[in-house]
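Okay, handing you the structure first.
By letter and in written order, the chains are A, B, C, D, E and F; residue numbering begins at 1 in each of them.
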Amino acid sequence: MRLQLVTWPDVEQYLKTSTGIIIPIGSTEQHGPNGLVGTDALTAEFIAHGVGEKTGALVAPTISVGMAQHHLGFPGSITLRPSTLIAVVRDNIQSLMRHGFTRFFFINGHGGNIATVTAAFSEIYAERSLQRGSNAPSVKCKLRNWWEGSGSRALSRDLYGNQEGSHATPSEVSLTFYMHPQTEKQVPMEPEVAPNGSFSDADDYRSTFPDGRIGSNPNLSTAAHGRRIYEMAVEEVARDYLAFVAR
Amino acid sequence: MRLQLVTWPDVEQYLKTSTGIIIPIGSTEQHGPNGLVGTDALTAEFIAHGVGEKTGALVAPTISVGMAQHHLGFPGSITLRPSTLIAVVRDNIQSLMRHGFTRFFFINGHGGNIATVTAAFSEIYAERSLQRGSNAPSVKCKLRNWWEGSGSRALSRDLYGNQEGSHATPSEVSLTFYMHPQTEKQVPMEPEVAPNGSFSDADDYRSTFPDGRIGSNPNLSTAAHGRRIYEMAVEEVARDYLAFVAR
Amino acid sequence: MRLQLVTWPDVEQYLKTSTGIIIPIGSTEQHGPNGLVGTDALTAEFIAHGVGEKTGALVAPTISVGMAQHHLGFPGSITLRPSTLIAVVRDNIQSLMRHGFTRFFFINGHGGNIATVTAAFSEIYAERSLQRGSNAPSVKCKLRNWWEGSGSRALSRDLYGNQEGSHATPSEVSLTFYMHPQTEKQVPMEPEVAPNGSFSDADDYRSTFPDGRIGSNPNLSTAAHGRRIYEMAVEEVARDYLAFVAR
Amino acid sequence: MRLQLVTWPDVEQYLKTSTGIIIPIGSTEQHGPNGLVGTDALTAEFIAHGVGEKTGALVAPTISVGMAQHHLGFPGSITLRPSTLIAVVRDNIQSLMRHGFTRFFFINGHGGNIATVTAAFSEIYAERSLQRGSNAPSVKCKLRNWWEGSGSRALSRDLYGNQEGSHATPSEVSLTFYMHPQTEKQVPMEPEVAPNGSFSDADDYRSTFPDGRIGSNPNLSTAAHGRRIYEMAVEEVARDYLAFVAR
Amino acid sequence: MRLQLVTWPDVEQYLKTSTGIIIPIGSTEQHGPNGLVGTDALTAEFIAHGVGEKTGALVAPTISVGMAQHHLGFPGSITLRPSTLIAVVRDNIQSLMRHGFTRFFFINGHGGNIATVTAAFSEIYAERSLQRGSNAPSVKCKLRNWWEGSGSRALSRDLYGNQEGSHATPSEVSLTFYMHPQTEKQVPMEPEVAPNGSFSDADDYRSTFPDGRIGSNPNLSTAAHGRRIYEMAVEEVARDYLAFVAR
Amino acid sequence: MRLQLVTWPDVEQYLKTSTGIIIPIGSTEQHGPNGLVGTDALTAEFIAHGVGEKTGALVAPTISVGMAQHHLGFPGSITLRPSTLIAVVRDNIQSLMRHGFTRFFFINGHGGNIATVTAAFSEIYAERSLQRGSNAPSVKCKLRNWWEGSGSRALSRDLYGNQEGSHATPSEVSLTFYMHPQTEKQVPMEPEVAPNGSFSDADDYRSTFPDGRIGSNPNLSTAAHGRRIYEMAVEEVARDYLAFVAR
């Protein structure tokens, strides 16, 4: 059930049976020569909608711009500063707390968001922790990267072995090809498999990873793979969502 | 051209011919008994994509949550504090400035965003204005409410007369029915046309406008109207976009 | 009754009969070749004191520096960043809420303040809206531009026709000549009536409006006009204040 | 020369001979049973205007609301949080730096501002200190309490001995009686001379100093004293201003 | 070489041969019935000094209070909000950047710091990434948890097997017993090995882990173990530091 | 009793007899040719531990980095911006308030901290003062510079006369020599006694005080003096602490 597509009386009804909600969060950043700038938001949203259908969970609008400062050397990348993203996550959660939601399950499409969103959860918890006998409601927040189920990991290993890499991976690119078949394409990349390494700011990133990829070969991506990856992720993430709200 | 659906080399190419970009911005808030919580973001995005197709402009991801504090009395509404939204707009623009974008055209779906987004533009301009001989690039930002063209106003007057109102209007609800026909429905509303008035915080709003509408009769909405409203808005907003980037 | 000129027991007494207060807000910025840098604060304060006398309302100290980033290309202009002005408005209101004030009526002298002050009101409302069952008091805030009554608009049309313009207008300059007759002067301006147009940051503003005026001919200003403008504005604004506190 | 009463070309002219400016800063807070809520802002402004006339210095608009959290137990008191006041001072100075001002002389009327304004100066200096080879201009800021000259201290000792106290003092009250003779009055106070002591928040302050005074007997105040106090302060502060800008 | 124990000319000399610096960061929080409140700061500092001696690296003062909101249910725990800790890390690094330091190696004693400090690094990088052709220096930051070397992990496994747990671990408690032998003690704990689990805010934490421990049996701790743990950690962390500054 | 060296049940016990706590605060900044960069934090901590032993007071971890923007012209100096330090002080106090502490006694080693820490106290008080009938606990905070007792002042006068100065003083340097005898050294300084004067930002400071000292001759320092200075300060500060918590 997508929050954007229902009415407020529908939400009122929903809250009688559940106080859990799913919030997709991605990023808007380069994904190498043939990956889409929207990859991380599109995949998080796609899987979140699948999980919403499977579990009946309400799905909030996607946070499409995340923490991507290191990608700013490539045109089209957009970042929120960590301090801004913390405020965004806080305001989303506090708004929903007002209505009675207590379990916030973020389905994440971007590794670069993990630290900041985790810090945001602590910022929210801290408000309550700092006041003895606070009457603010007790809430639980969880960040779930869509690719981290054991089945998802096994599938990516089977499909791509050590060419999966860690940015602009064939897994995520396949997912977008499945969603938007007209974007499927292969382009010459040199070397075939991108280098691995670490990075700090945007210039440092671009000089180490000149075409944007890290350790990956996204020319292996296909829409057919994307479908399998999607189904596996939805199944595993749905299971985790249900366990989370049951706690 | 949707930024989310292209690659970074595509954006690099685009920047050779234009430094303008469209950013849809909406809200996530109640829209009365039969209007969708996502109305303002969905309509802004829908029209922005239409304008993008018509003009060749690049369209950034939608800012789906805006300033909607007054709607928090109704389940499902989400707000950013004004100070948060200012930071979000600033980070989006500064990221895109880094790539060479200089004309930022926000297509807006929510009256409650106007003041804060306008303040955000001033916050960005102020950075440069406060430094004599700044070497930050000079940029221009514009907020365009999709419903404010003369043709759009005339059309809404023709279709709904004085039952258009100012929140949960039949115009915006028609647009969403056109986008998502499965959501089209009429529900009993009492009174038929909602009251007008002013409001301050969420409790005040809800006590004045018990079902969420202001001055409107959204039971007049149809998908067929939505199509006409869409086409008119795309045409007028596209014209304004082209004039804006030509300055 | 000016807050600055009474004692705290006087305020305690006042609160027994009214919880409304007037806060004048202006700006410190260039007003063309013969207009005063303090025009917007001086006029707002002048009219606020008149309204205070007419209605018995308490008048707080003037916020003399507002949001004027676009004027920084002209010596003497001072701005608060929008984020700072939001904090200033919030602290003023929260302080007065503590004493029991609930109706905050800002008399405004500067168009550039409108968006930011409106955003500030939402920032304050949001604090309460974000908490279900908040025990913070419910308050109402209103921004009233002194020149926006129908009588004031008609008077300026009669006196100046299409030479009123929108910055460094003969209306506001006349008001300051009435307040401070020793500042009345005419100076050569070229062209006689300034151009109209839009602007972004300070450099952009100065290059479009080289002497600071927008669309106006302030050489039409006289102290005698100022008196008529003053009396009309006081009457209309006083009426609006009384209607506001009666709600 | 009051900034509010001149035009931008006048300021341009002024900057050819001086880059110094005076900024009066006060507070809006209770001043005991017969002292005015505006005392600290009125006195700072009054003396600043006197110093401006004597020295030819430009005088900016008064910052009328300062840091007065401890007075909030008394109706009419308004405070800026320290963090807000820091932003206000920073924006005022950065705006004026843009025009070429480099010497900022704050004439202060309120002891409670000293710590925060001093911190604000450090916040401004820090921006430049944190960047090696910064191209931000080097500036100097000074806070001068109007009552701290040796002559002013001697005069208050002569007039009031150990009944001067430290809040709602007969010196400052006399100054306001001189400025606004119609406000001159004596009221019964018990005890005649208020207690001394320390305080933390507003409740603590009010329970220690029930009528608002600290250590003072403001019934000794007269407008005639005020004139002598004014003249002494103007003379001493003017001397300090000239020494400051000559450095 | 401890920064606190040298003079500025010593630092000037140091910078001629290295631009790397070590910053210990810990926490002030409960560590179960027999662990010290200062454990995380004391161990990080102790190991950092060891690494400094072994490598000749300069060691900055310890950040003793970290992000520990979840421990506030136990007396003595202190937290910085994530937003505050981000500002602290930023100011430390920017100050040192001014002197020419470019490699910042944080030796961390507290798992709860990881997300926030990582976000802080991104906040710093973002400043540079957001400006095309920024002239801010390029820097690299790294967070190294002292317990994460393969040797350290093996040692803890050998000594404590599955009674190491994840908070108030026998490893960290042994380290503090080695540093401060007078604090060594065993106390009755029930159950012997604490439960595992997750947590959100402080009340949630305390109700799940009533004596503060997570999954651990700190009664296994001895000062003799502490010495072995210390030596292993210093060796491994020193190696990583040298590799880091050589990049 | 050092907070870092006790367990949470020890703190729980302590709170049954006292709600006072000592927080040492210093700085990390140049102290001339032979003074240590850590002088202000080391001395504050040293004396705080002495006071803790003498009075039985609990001593929190030292805030080692303070407000030292003016020293950034000398390698090794680190500053927090005032706004950051305010947040740090606020978070420390709010954490401890949660446990029931109500009396916060900061032992300070650095003049540059005074304004900002005082502003921080007001920021904390303001939270409560701004809410009528707040249920936040009432607290008291005090900043005590270790050198300000009458005995300490007399001792420094006896030992160093007018060569004490105000930065890198022989008193504070002697204290560090007493604590860390291996750091005792004399180095050629020219002139023998440093100049006096004022300063603004870091470049201004360094050009006025080229070796970092202000008005002092730290070559007079000895460890033996340090011992006398230490004992005097501990005695006087302990007395003030006991008086403070008794209020």
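Keep in mind that, in the parts below, a residue touches a chain if its C-beta (ideal position, glycine included) is under 8 Å from a C-beta of that chain, and two chains touch if they have at least 3 such contacts.
From a predicted model like this one, the values you see are computed outputs, not experimental measurements.
Comparing E-F with the candidates B-C, C-D or A-C, the pair whose contacts agree for more than half of the residue-numbered pairs is C-D. Of the two chain pairs shown, A-E and A-F, the one joined by more C-beta contacts is A-E.
Averaging C-alpha coordinates per chain and comparing to chain A, the farthest chain turns out to be D. The greatest centre-to-centre gap from chain E, using C-alpha centroids, is found for C. Look at where the CA atoms of chain C average out and do the same for chain F: the two points lie 46 Å apart.
Look at where the CA atoms of chain A average out and do the same for chain D: the two points lie 53 Å apart.
Averaging Cα coordinates per chain places chain D and chain F 29 Å apart.
Under the contact definition stated at the top, the residues of chain B that touch 2 or more other chains are 72, 79, 81, 83, 95, 98-100, 129-130. Chain-to-chain contact here is organised irregularly, matching neither a line nor a ring nor a star, and falling short of all pairs touching.
Chain A meets chain E in the complex at residues 67, 69-70, 72-73, 79, 81-83, 86, 112, 114-116, 118-123, 125-126, 128-130, 138-141, 200-204. Residue ranges on chain D touching chain E, taken from their complex, read 129-132. If you check the complex, the residues on chain C that touch chain D are 2-12, 15, 28, 30-38, 41-42, 60-62, 64-65, 72, 74-81, 83-84, 87-88, 90-92, 95-96, 98-100, 180, 183, 202, 212. Interface residues of chain C, counted against chain F in their complex, comprise 94-95, 97-100.
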